[in-house]
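Structures incoming, each one as structure tokens.
Look at the two complexes coming up: chain A is in both, with chain B in one and chain C in the other.
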Partner chain A sequence: MKTKRDKIGYVFVLPYLIHFSVFVAFPLAFSFVLIFHKWDIISPMDWVGFSNFSKLVQDVLFFKAIRNTLVFLVIHIPLQIIIALALAEFLNQKIRFRGFFRASYFMPVVVSGVVITILWQQLYAQDSGIINSLLVKLAGVKLPWLTSVKLAMPSIAIMATWKNVGLYIVLFLVGLQTVPKYMYEAADIEGASHWQKFRHITLPMINPTMIMVVIISTIGGFSLFIEPYIMTGGGPLNSTLSAMLYIYRQAFSFYHMGYAATLGFFFALIVFSVVLIQKKIIERENIY
Partner chain B sequence: MKNFLKQISLFIILIALSCGNQQDQNSKRITLTYWSANNQDEIDLARSLVAEWNEAHPRVQVKHQPIPEGRSSEEVVLAAVVGKTTPDVFSNMWPGDVELYVRANALTALDQFADFDSVATDRFAPEKIDEARSTDGHVYHILWKTNPIMMIYNKKMLARAGFDKPPATYDEFFELAERIKKDTDGDGYIDRWVGITQILVTWWQRFFDYYTLYIAASGGGTLLDQQGDVKFDNEASVRVFRFLQELFEQNYFPRERMDARADVFLHSVVATRFTGPWEIRHANKFKQEGFEFDFAPVPVPDSSIKPVYTYGDYKSIVLFKNSEHPRESWEFIKFLISREADLRLLKLANQLPIRKNILIDGKFRLYFQDNPKMEVFAQQAQRVRGADSSPVLREIFDALSQEFEASVIYGVKSAEQAVEDAAERARLIME
Partner chain C sequence: MRKLVFYLFLIFWTIIFMYPFLWMISATIRPEAEIGGFGIIPSKITFDSYEKVFEKIPIFRALLNSTIVATSVTLGVIIFSSMIGYSLARHRFRGRNLIFGVILFTMTMPFQITLIPQYILMVKFQWTETFLALIVPYLVNTFAIILFRQHFLTIPQDLIDAAKMDGCSEFTILFRILYPISTPAIVTVGIITFMAIWNEVLWPLIVIHEQHLMTLPQLVTIFVVGGQAESLMGVKLAAATMLAAPIIIAYSIFQRYFIASMATSGLKG
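Coming up: the complex of A and B.
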């Protein structure tokens, strides 16, 4: 029998439903419609069928942007996991000023990405940057951090790691604190070294956290935008042009809304596939 | 008692009549919305002009708003056109975008007004009216102001390099560059350069290097011809690419961004820069004691025709089609481009109105006497070119910018190949 309380439930979920309809369902449905149209925002839409897809498969620059994004991920994700895990392990020990260190590492996460990017742009500056000033004193060289085709993307990956590592430290800390203490005690009795305990107890036990960190940082890495947009504009020679930056340019610099929507859907498909593969691999490696 | 009643009745009738008049007046009063640029100088100018207009025109009141904040005014206008929330009049339209809005049927043709021709010929030389004409033959915007791009130079740095006047040709510029280039701190890296330009590939950055130099080298040419076909794959383009390429190759220009540090020109790190009249106020405000600067036309190839043309960085006034009062809006536009308003544009905003004979018109003489550096820009403003009218102009500039980066900054392509590739890409975009 339905009661009045059942109906009140719908009222409670209504704000979410409205939000979902306006900000998720409608844009998603609309961008799906856009895939088959040519539209510059102010003129009426033109039906173009699958021509946006045929343009996509011939778009060399888009595939270069995807390759750049993958290069970023290959550097950024392992670097981030290693640093975050090492620091989490360190901050999980009984050390002095633990709270202060935890807060310090988390601080860049809450600071605006634009502010951090501008700050690092100054650090990386070839002529006047602090990093190069130190390098000149130590080794007598200056590196073109943001103007070299080979160095620009790794430089961005280092900066992104610095910004995001605090969040992953917190996640790993949560994971580390769920590992039962008796396991380490048993290992101590067996005479296991610190590394053996880490390799055979900690790592397998925090595997669910690892899956989450890899997936979140992969999705975050695929959305690379602010850093190249502000620091390099996609250069030098399109070596830091990320897929998101390319899609943004197509949509909001050149008003190719239909084509940008097609690129967006295709890119979402790639992200989904990569995350699915990662999940399968990491789950399979769950060795006790 | 009768008298009292009569007086009361008369009073009520008078009140009723006056209310009726008031209502009638209110119903006839109209309000126009005017958007100006949102920098403080132009806000002050707009406020002063609107206050004067409103006082003189009680029936047609103007409500001034600085253009709402956004990443760029172009994006805000686009959003307003789509949302049909445009003002009646807007005074900061980039002419390169006009054709896009014309095709979207968002602008009113100004030449439909009976007095357009007399207003236009009073203000402009015939070539300027043609420059503003759309591909359908109508005029949808009034070219209002211009910021001619010139070369600012550090007088003391040039004097120390043995130059008592600024370099006028590419050869002279290279000679100056060689004398300025220096490693002052002995770390093995150059830290003084002849000039600087933005290395970002953002399409509009090319207005301040390639496009300005191309207009100068080609004697006033632009990217497209009158039929809208690509015409920049020519000797002038190649020369400009080669010139800039050598500046980077020889380390005369730094291959890095310096916009995050203190102004490199005012701190004598670079000796020149291609810039507009806005630099005068900025330099005067932030220069150090004893710093001297002046302006000169941008350098040209040795064989180029004199006098030198440059990019004009125009801004226009437009009347949007969804205005309910186009005639009154046109009257307000005429007020905005009057001689008195132009003088105020100079005085309050330090920007040059696009007006013929401005240097010999007595109304402006005193201003230029007091502001000799602005006179240099006013002289240059007689020989400026804007951007072509094309809905795909941004993409054409993007194609040029990509080739500019490959050829000029990183030298992975010859100047000839870069120009050819940019033109080919531009033709594909136009298809």
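Coming up: the complex of A and C.
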């Protein structure tokens, strides 16, 4: 039933329309203008055609930054899924103090990434850090967590996993609770092992959660910025320079607005395609 | 025996997640020379690190700034998103489905694409170095709109019809009749928005450069990165602890709501 009253709907959605035009549609359109210009904000814009693109294609550092970001993702996502799923399985048993355990695992999620990074910078410290003092006691070795070109990005990935895993534990817990009990009971009668039940019942049943977790952590991982910004400044030897950190520098250290917008545009395309591909793969893999 | 191993395993992970925080707090009240190593029991308690922080940066000003910004955005998001969500759920008007489609589409759009143009917009509006840049772009949030829309779809039409019969305006229906029975949705949107804005640091770094306008995470970041902390571990950690404290306190009291809200969103803080 449509009434005159429903016209009030336009008034109610007006804030969205204004916000969308000003903060989404206009910037989107303007980014198409920017990518063909050279501009430092202060002097007038300079039309440069496709030269931002040719610059991008030859920009070794940008591709290194993308590669670094991918290294981060390749370590961070599987590690996070394995730990989160394992802990969620444990918490999903009949246990006491489940609320307490869940709350303690979730704690780093609510705390600012700035705090986590400052804290871990000290935990990773070469000589005085907790991690190395523990390693010395247990194995008699120290690792150059943040000073080695090979280890710095994995170190950041481990820290990010520690920070975020609590969220994914909770998401998986919600997913696990949707799996009907009778399916496990039926499998028990057939004499299925723990692993078989996990592989053939749990995993397929929580596929929607898996898709969500992979996508959220991919999008989050691609925006990696503050952790290397604080912890390593992108070093050593640009090994932790993330794509966002590089774009940030192009824009706000060098004021290459046109070029930074081009990088942002190109990078957004990558993010979008990766997420799309992931979605297709996970959806296909678990048809059973 | 099996039970014992099971609980020891769970406790092991609690230590993994909690111990670093305890260590951090303990490090901030120890003399600088004693920080490091594994222990957390201070031989002597000192507040030197905190005094240094107060001396060097306007941290309470930043706390106030963050509170103003996060509170304004949260209130704005709740009001606007509930209006928009209510309308998308309950009003029938031309273009409604189109708007909903646009909202779903913009949710999938990576923010990297509009970051630079949005900054330029702030420059043109002359909003840089003001709270407007920190507040206005965040006032409408697509995720909150969807959440409110889903929520208002579950309200019985009879209730709305009855209110209309009584001559209530649409605003009265939303804010006086639906709000009191929508606490879970409001709390969820409130917690997620407040946390996201409180912890946001990239955007403030871009649009604010004057120290007295900086938000708390931004000020602490600049303090640590910019060398003002003189690579004193205790001082850096004291600043970090002050940044973490408000959220940790809120979390210890309302942890159920925090976890439930974040679980519905899957959003990162």
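Brief remarks on what is shown
In this section, the second predicted complex is superposed on the first by the 284 of 288 C-alpha atoms of A that agree within 3 Å, B and C clash if a C-alpha of one lies under 4 Å from a C-alpha of the other, contacts with A are read in each partner's own complex, and residues count from 1 in each chain.
Basically, a residue touches a chain if its C-beta (ideal position, glycine included) is under 8 Å from a C-beta of that chain, and two chains touch if they have at least 3 such contacts.
Since we're looking at a predicted model, the values are computed, not measured.
Per the definitions stated earlier, placing chain B and chain C onto a shared chain A by superposition produces a clash between them.
Of the two partner chains placed by the overlay, chain B and chain C both lie in contact with A:G233.
In the superposition on chain A, no contact is made by A:A139 with either chain B or chain C. Of the two partner chains placed by the overlay, chain B and chain C both lie in contact with A:F252. Legend: residue contacts after superposition of the two complexes on their common chain; A:I189 is shown touching neither chain B nor chain C. Contact with chain B, but none with chain C, is seen for A:Q126 once the two complexes are overlaid on the shared chain. After overlaying the two complexes on the shared chain, residue contacts for A:S43 are found with chain B alone; chain C is out of touch. Of the two partner chains placed by superposition, A:V57 touches none, neither chain B nor chain C.
Once the two complexes are laid over each other on the shared chain, residue contacts for A:I118 go to chain B and to chain C alike. The wider contact with chain A, measured as residues touched, comes from C rather than the other of chain B and chain C.
In the superposed pair of complexes, A:T147 makes contact with chain B only, with no contact to chain C. Chain C is struck by only one stretch of chain B after the chain A overlay, and of the options 163-171, 253-261 or 271-279 that stretch is 253-261. For the contact definition in use here, the residues of chain A common to its chain B contact set and its chain C contact set are 41, 118, 121-122, 125, 127-128, 233, 252.
Those residues of chain A that touch chain C in the complex are listed here as 1-2, 5-10, 12-13, 15-17, 19-20, 22-24, 26-28, 30-31, 34, 41, 87, 90-91, 93, 95, 99-115, 118-123, 125, 127-130, 133-134, 162, 164, 166-167, 170-171, 174, 212-213, 216, 219-220, 222-223, 225-226, 229-230, 233, 244, 247-248, 251-252, 257, 260-261, 264-265, 267-268, 271-272, 275.
On chain C, the positions that touch chain A within their shared complex are 6-7, 9-10, 13-14, 16-18, 20-21, 23-24, 27, 35-38, 80, 83-84, 86-88, 91-93, 96, 99, 102-103, 106, 108-121, 123, 137, 139-140, 145, 164, 170, 195, 198-199, 201-202, 205-206, 217, 220-221, 224-225, 233, 236-237, 239-241, 243-244, 247-248, 251, 255-256, 258-259, 262-263, 266-269.
Contacts from chain B toward chain A in the complex involve residues 75, 78, 81-82, 100-101, 103-104, 106, 187-189, 191, 199-203, 254-258, 260-261, 391-392, 394-395, 398, 402, 405-406, 409-410, 412. On chain A, the positions that touch chain B within their shared complex are 40-43, 118, 121-122, 125-128, 136, 140, 142, 144, 146-147, 149, 232-238, 249, 252-255.
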